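What follows is a group of structures, each given as C-alpha cells.
After this come two complexes, each holding chain A, first together with chain B and then together with chain C.
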Partner chain A sequence: MKNSNDIQNESPSGLAKYKDNLLSLKSSFLGSFLRSGMPTSDKSRTAVVVNNFFLHLHGAKTHINTLRPSFTLGLGIISFSLLVIAFISGGFLMVYYSPAIETAYNNIKDINFVVFGGRLMRNVHKWSGEAMIIFVLLHMARVVYTNSYKRGREFNWVIGVILLIVTFVVNLTGYMLPWDQLSYWALVIVANIAAAPKELTDIFGITQYFDIGGDTKKILLGGTEPGQDSLTRVYLLHIIVLPLAICTALGVHFWRIRKDGGLSKPDAIKSTGNGVVNITPAQKTGGIFPTHKTYGLMELAKGRTPAVDNDVENTVTSWPHLFIAEIAIFILTLAAVIAYSYFVDAPLKELANPMIPENPAKAPWYFLGLQELVSYSAFMGGQGLPGLAIAGLLMIPYLDREQEDIGIWFSNRQGKMIALESFVVSAITVIGSLAFVINFGWFRNWWPNIHQLWIIAINPGNLLLGFVVAYSLWVIKRTDSTRMGAISLFTMFLVSYVILTYTGTVLRGPNWEFYWSASQWPIH
Partner chain B sequence: MNSRFYLSLLLISSLVLIAFVGIAFNREFTPEWKWYQTEYKDFLVKNAKDESTRQRAERIEIGMQQIYLKSLKKSDRCVSCHMGVENPLMADAEQPFRQHSGNYLENHPIAKFGCTACHNGQGRAMNRREAHGKEHTHWDFPIIPTKYIHSSCAQCHDNEMLKQEGGEKVARGEELFREKGCKGCHKHNGKGGDLGKDITGIGSKPFAYFPMKHVVGDHHLYNWIKQHFDDPREIVPESDMRAFLTEEEAELLTTYMLTFKVEQMPRNYTLIKNIIFPKTDGESLYKMYCIACHADGKVSLYDEIFERTIPAIGNPAFTKSIDDRHLREIIKEGRPGTQMTAWNKNAAGLSDEEIDEIIKYITRERPAGKPRVFGFTGFKADKKRGEELYKVRCALCHGDDGKGGKRRLGISLRLKNVNPEFLSITVRDGRAGTPMVPFGKEGVGLGDQDIADMVAYVRTLSKSKKK
Partner chain C sequence: MSEKARDKDKVTRRDFLGLAAFGAAILGSIGTLMGSLRFVKSDVYAEESKKFKIGKVENFPIGSTKKLDEKNVFIFSDDNGLFAISAICTHLGCIVFPAEFGFQCPCHGSQYTKNGDVIGGPAPRPLEWFQIQQEVDGTLFVDAGKIVPQGTKYIFA
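The block that comes next holds the complex of A and B.
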C-alpha cells in the first residue's frame, strides 16, 4: 500500500480495485438491482417500471381514474393478493403433508398441534382460498356493473370466468386433502355430481354403452369408491395442475388488461360540485391526430394502445402512485386474513370413515347452492344448470355490445334502477320458489311414479333459470338496451347464487330437510 | 390522486399486520404445555432434597415430549403436560403432575405402552381440551373416565387374570353380561338375537354412530352407554330395550361394553394365560339368551314395552304338554309376528347342542307323565263353529285376530306349524299359573268337539291375511 502514490498515474493495482469495489458494494449492488437507483424524475420513474420484471406488466403511467378507490374497490388486487398468500402458505403446508390416506389426517393434526405456526398457516391457507371465491365473484360484479367488459376486454372476461371456475375447483380439491369426514363425504358428493349424466343416460337406456357419468366418476376417484387413488389425484390437481392453470390464465388476464389499455375508465367523470375533480376528455384542437380517435401502433399491434391521445394529461407515474396502492391493498388483505385466521380455526372433523355417512353430507359451502339444485335433479342441478349459468356468463360481453357509458358504475341512473329492481325481483322469486318447494314438495312428492325425465325437464332450478333469462330479455325489450339486460342478468345470477348457497348451508339439515337453524336438527 | 389515502391505508394495515403477527407468535411461543412444564420444573427445584437432585431438576429442558409407538401407530404427547407421571415425589400432586396411581406402570412401561393405548384421548394434541377430546373436539375416543378404565385391561388380559389382579370391574361386568340376557336381543360376534343392534365392536365405534341428542353431560360413548343402561328410552325414544340395573351394575356393564373393540393389540402386547371358555350348561345359556324376556319362566307376564304377554315357558303345565321336538322347532324358527327370534345356527347363531341344553334347562321341572291324549285327528272339526266359539271364549284375551298384543292377557296364536294336538290339550287342560284356565270338562266345561272346532279355527288364523 505504500507504493500507491507511485503508481497513481498508472492503472490501479488489483487489490486497490478490489478494495474500491468492496467499499462501493452497497451502491453498486443497489444500482444493479434497481438499475437506475431510486427514481427521482418522471423519466427515471418510468425507467423503473420498464426495467423491472415484476413491474413492467404495469404501464409506466397510470390514469388517475384507475387509482380512484371507489372505482375498482381494489377487488382484483385483493383476489390476486389472496392467491399469493394461498401459494405461500400452501408451500409451507406441503412441507408437512403427504397425500397418503394413512398419514394425511395425522399430518394435519401435527400441523395443528406441533408445527410452529402450523395452525395459523393452515387457517391462512384455508381462509385465503375461500375468500378468493368471494372476492373473485365481487371482482366480476365490479366488472359487470362498471361496464368494463367491453372495448377489447371481451375475451378477458372469458378468461376471468375460467379463473372463477378454477378458483372453485382448486378450493374443492384442497377441501379433500385432510381426509377427515368432511373431505370424504364431500368427495362422495362431488363424485356423484360428476356421475350425474347417468340420470339422463339411464332414461334413454344407453348407460351400458355410453356411461359418461360413471366414467367421469371413475376417472375422478381412480375407482368406484374414494380411496388412496382419489387422494393422489385430488392432490395432484391441487398442487400442480390447477395452480399452473391459474398462473397461466392469470398471466394472460393481466397481460390483456395492459394490452387493452389498462383498467376501463369513464370517458368523462361529471363533477358533482363537492370538491371532486372535474375531469373532461381532452379537447384536442390541433396536432396530427384527429380528435377522439385511437391509433394502432402502425401494423404491429392492432386494436387500442394505452396512451395514444387518451387523456394523457390525467395520468400520473405508476411509481410510486400505483405501486403504493397495490402494496397497501396487499398488506390490507394479508392483515385481514391473518387476523381472521388468528380467531377462526379451519374445520377438521373426525378421520374419514366410509361406514358413517355424515348426515347431512354436505359439499363445501360454495357448492351448497348447487347441492340445493341437485336435490331437485342430480343432472340439471349438478351439471346442466351450472353449465348453462357459466355459458350465460361467458356470453355477456358478446350479447351486450353497447359502447356507451364505459367505466361508470351501473352506466347511468336507469342502470341503478334496473339493478335494484332485478335484485328485489330475483330475491322474491328465489325465496318464493324455495318456500314453495320446502312447503309443497315437487313432482316426485305429488306423483311418486312420475318419469324422471319430467323432473329433469321441469324442476325449480330450471324454472328459476328460465325466469332469470326471460326477465332479462324483458328488461332488454322494455329499455331497448342490451346493457340493462346484462345488469339484470348478472344481478339475478348473483342473488340466486347467494340465496341458494345460504339455503344449502344454513337451512338444510339431516336428509336435506328444512330447518331454520342447526340447533333444531333432530340428532346430535 | 389518492396517494394519501393509500399511504394511510398502507400504514394502518401494516400496523394491524404487525400486531397480529406479534400476537400470533406470542401464542406460538407460550403454549399451554410450557406453563405446566415450567411449573413442574420450579416445583422440583424448590423441593429438591439435596444438591444433586436440584441440579438434575434444573437441567430439565422445556420442550415438547412425545412417546412414539411404532407398532401401535401412536404418538402420545400427553407427557408434555403430565410430566410427573413416573415420579414418586408427585404421588399426591395435583393434576397434571400427579404420579400414575397403583403399580400399573411397573408392568406397563410407559415407553412401550404410551398413554392412549389404555386411556384413549387424542395423543397428538398439545392442549388440554383437544388432548382429552371431550366436547366438540371431533375426536371419537375421548379420555376414558376412571370408573370405566378397567375396560382397557381386557385388550390384553384374560378374564381370570383380571379377576385376580386389578381388573375386577371387567370380570364382574362380564358376569353381568352373561346373566342379564343381553344376547337375547343383541348380537355379539355373530351370536345373539336381532331385536337390538349388533354390539360387536361397540367400544371402538365412532361418536357419530350414536344418537347423542338426549345424553346428559359430555356427548361421548361412555356417557351414552351408561345413560342408555339407566333408561334406554330416555336416550333412544324408540328403543324396546329392557334394562333393570342398579347404578353399580350399569357402570360395570358399561365397563364391559367398552371392551368390545374391533382393533386388536399387537401380539407382543397381549398376555393371555388361561382362556376359560364361558359355561355352556343349560342354566348359563338360558340366562344369556332367554332371561331378559322370559325371566324365570314360571309365570306369563304382560310386558309394557313389547305390548304383549310373554309366555311362561318354564311353567310345568306348559312343559308337560309340549314335547322336546316341538319346543326345539319353536326355538329354532322363532315366533314370527312376536319378538321371539329364530335361534337356529343361521339366524341368532345357537348350535343344536346349545338349544338342546336350553331345552333341558327349561324342562327340568317337567312333571312326570304325559297329558291325556286328546286325539285331534279323530274329530271332524267345523271351523265355522270354531270361529263362533272363539269369538266368545278366546277373543277377549287373545284378540279377534289371535295376535294377543296390546293390553291383552293372551299370547299370540297366529303361529305357523303349530301342533293341533298340543293346542287342543292346552285348551282342554289350561295352563296352571297363567290366566289360561282349563276349558275342558274339568274347567269351563266345553266338550272335546268344541275344543277341536276352536283349534281348527285358530289354525286358520296364521294363514289369514295380516291385519
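The block that comes next holds the complex of A and C.
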C-alpha cells in the first residue's frame, strides 16, 4: 500500500492533469487539427499537404510548369470554382423552392422580389452554372492545344468529356425548374428531341413495335405531355442525380491528374531562378528506374512514382505557391460572378402556358447551335450530330498518339499555322453554308414531297460534319501528323459551335426566320 | 488432331462453371437494369383524358374553323363534313397557327398545307387528324388518342 501511494505522489493527481489539459486545450486542439505544426519549414509545409484531407488532393510539391499562368490560364480551377459557387448558391435557392407546378413559379418570384438577397443569389446560381459551360469548353481547348491528353491522360480526357456533357444537362434541367414560359417550351422541345428516333423508326415502319424515341420521351416526362411528373423528374435530375455524377466524375478527374504525374509539361523545362522559364534538353539517366532508385510499392506497381519526373529540382512546395494561386483564382471568380449577377438579371418570363408557344421559342443559348441544326432534322440535329461530335471528341486521344511536343501550346510552329488555317477555313465554311440555307432553303423547300430519309441523310449539319472530318483527314495526310489533325478537328468543332450558337441566339427571330438583329423583328 | 490440341479445346468443368456463373451474372444485371428502367416508365399518367366533348353539330356551321386552345386541336367544317386536325407540330411539339397556305410553326419554321401536309421546314410528318364521334345525345367528341387517315371527314345529322 505504501509503495503505490508513493507513485501517486510522484505523478500529478487526476484533477491536476485535468486542469493542465484544460489550460493547454488550445494548443493540443490545434496540434490535433494541424498534426504537423504550423507550416513554417519545407518539411512541415510538405507534411500539412500530406496530412490534410482536402489538401492531399495536391502533390506536396508542384512543378513550376504547373504554376506558369500562361500554361493553364487557370481554366480548370475557374471551372471548379464556378461549380462550388453553383452548389452553394443552389443550396440557398432550395430553401424557398419546391418542385410543384402550382408553386414553383411563385417560389421563383418570391426569391426574385421578396427574399432578402434572393435575386442576387438566383443570378449567381444561374450565371455561375452557365459560365461553367464556357470555362469547361475553354479548359478543353487548353488541354487540346497544349497536347495534354497523352501519356496516361487519355482516359482522363474521356472523363472530361463526360463532365462537359453533364455540365450541359445540369444547366438545361435547371432552366426548366422555374416553370415559366422558357422552362415549359424548352421542356417540350427537349422531350421531342428525345423522341426524335421516331423519324427513323417511322421510315422503317417499326414504331408500333419498337418506339425507343416515344419511350424515352415518356420516361423523361413521366407522361405524354409536360406536367407535375415532368417537373419532379427534372428536379430529381438537377439536384441529386447530376450533382452526384459531377462529384464522382470530378473526384476521378482530379485523382487521375495526380496519378498521371500532375499536369502535362514539356520534356525538359528549367527555371533560371528569377521567374524566367527556359526549355532545355532532357537529362539522360541510366538504370532500370528512369531517374532514381526507389523501394516504394507505388513505383513497383506502376513503373514510376506519381508526380515525379526527371526534373525534381524544378518543383516548389505546394504550400504556399500552389494554394495561393488557387485561392486567388477562386476569389477572383467569385468576385466576377457576383459583379455580373449584380448588374444582369436571370430571365423569368410569364407562367408556363401550354397553349401559347413563345415566338421564337428558343432553347437556352448554349443549345441554340443545336437548335439551328434541329431546324434541318430533329433526329440528326438533336441526337445524331451531337452524338457523333461527342464520339469524335472522345476519340481524339486514341487516334492521335504522337508523344512529342507535349505541354507546349500548339506543339510547334506548324501547329499554330494549322490552328489558324482551320479557324479561317471552318469559319468561312460554316458561315457560307448558313448563308446558303438562309437564302435558298433546303430539300423540303425545293421538293416538298421528298422522303424524310433524304433529309436525315443529307442536310447542312451532316455536310458540315463531313467537311470537318474530311478536312482534318486532309491535314493529317498533308502534314504527316495526327497531332495536326487533332488541332484542326478541335478548332473546327469549336468554331462551328460558336458560330452556330451565335446564329441561333442573335440572328434568328419569329418563325425561326433570319434577322440581323432583334430590333428588326416584326411587332405583333 | 493431336492429344494436346484436343485438351486445349476442351472446356473443363472449372471453365464451364466459371463461364456459366459469369453469364448468369451478366444476364441478372441486364434484367435488373431493365426492371429499374421499367420502374421509371409509369403505367398511370395523371393526365386528362384524350377524349373531349366539343358540343353539338350546330356549333360548327359549314365553312367554319375553330381552334380549341386548351386541347390544341383545330375543328374544320366544310361541304364534306367535320374534321379535326392537331395543332401540335410534328417536329418538336410547338403549337402551329393558321397561315395563308395552311399552318405555320413558330419554333423552327415548319409549314403545312391546309390538309396538314409538310411544305417547308424540318417537320418529318404531316399534322395528325383525329377521330370525331357522336354520343347518343348528339354531343360530338374528339378522341385525340385515335389518329385517322388524312382526309377522314365526318357527317353528322
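Assume the second predicted complex is superposed on the first by the 468 of 524 C-alpha atoms of A that agree within 3 Å, B and C clash if a C-alpha of one lies under 4 Å from a C-alpha of the other, contacts with A are read in each partner's own complex, and residues count from 1 in each chain.
Here, a residue touches a chain if its C-beta (ideal position, glycine included) is under 8 Å from a C-beta of that chain, and two chains touch if they have at least 3 such contacts.
Keep in mind it's a predicted model, so treat the numbers as computed, not measured.
> Just chain B (first), just chain C (second), both, or neither: which does A:Asp229 touch?
A:Asp229 contacts chain C only, not chain B.
> Name the contact category of A:Arg68: first (chain B only), second (chain C only), both, or neither.
So A:Arg68 only meets chain B here.
> Is A:Val475 in contact with chain B, with chain C, with both, or with neither (first, second, both, neither)?
The answer is neither, since A:Val475 touches no partner chain.
> After superposition on the shared chain, which partner residues are touched by A:Ile356: those of chain B (first), chain C (second), both, or neither?
Both: A:Ile356 reaches chain B and chain C.
> Counting only touches as set out at the top, which of chain B and chain C does A:Ala47 meet: first, second, both, neither?
neither
> When the two structures are overlaid on chain A, which partner does A:Ala191 contact: first (chain B), second (chain C), both, or neither?
second
> Output check: A:Glu199 vs chain B and chain C. Expected answer is one of first, second, both, neither. What do you get?
second
> Do chain B and chain C touch any of the same residues on chain A, and if so, which?
On chain A, the overlap between the chain B and chain C contacts is residues 356, 358.
> Which residues of chain A touch chain B once you look at their complex with the stated criterion?
Chain A reaches chain B through residues 64, 67-69, 106, 109-110, 113-114, 116-117, 120, 180-181, 316, 320-321, 324-325, 327-329, 331-332, 334-336, 338-339, 342, 348-351, 353, 356, 358, 522-524.
> Using the touch definition up top, name the residues of chain A that touch chain C in the complex.
Per the touch definition, chain A meets chain C at residues 185, 188-189, 191-193, 198-199, 202, 215, 218-219, 222-225, 227-229, 233, 354-361, 371, 374-379, 381, 441, 444-445, 448, 452, 455, 510-513.
> Name, in rising order, each residue of chain B that touches chain A in their complex.
1-3, 5-7, 9-10, 13-14, 16-17, 20-21, 23-25, 27-28, 64, 75, 77, 122, 124-127, 130, 138-140, 206-209, 211-213, 219
> Which positions of chain C touch chain A when the two form their complex?
37, 40-42, 45-47, 69-70, 72, 91-95, 104-109, 117-122, 124-125
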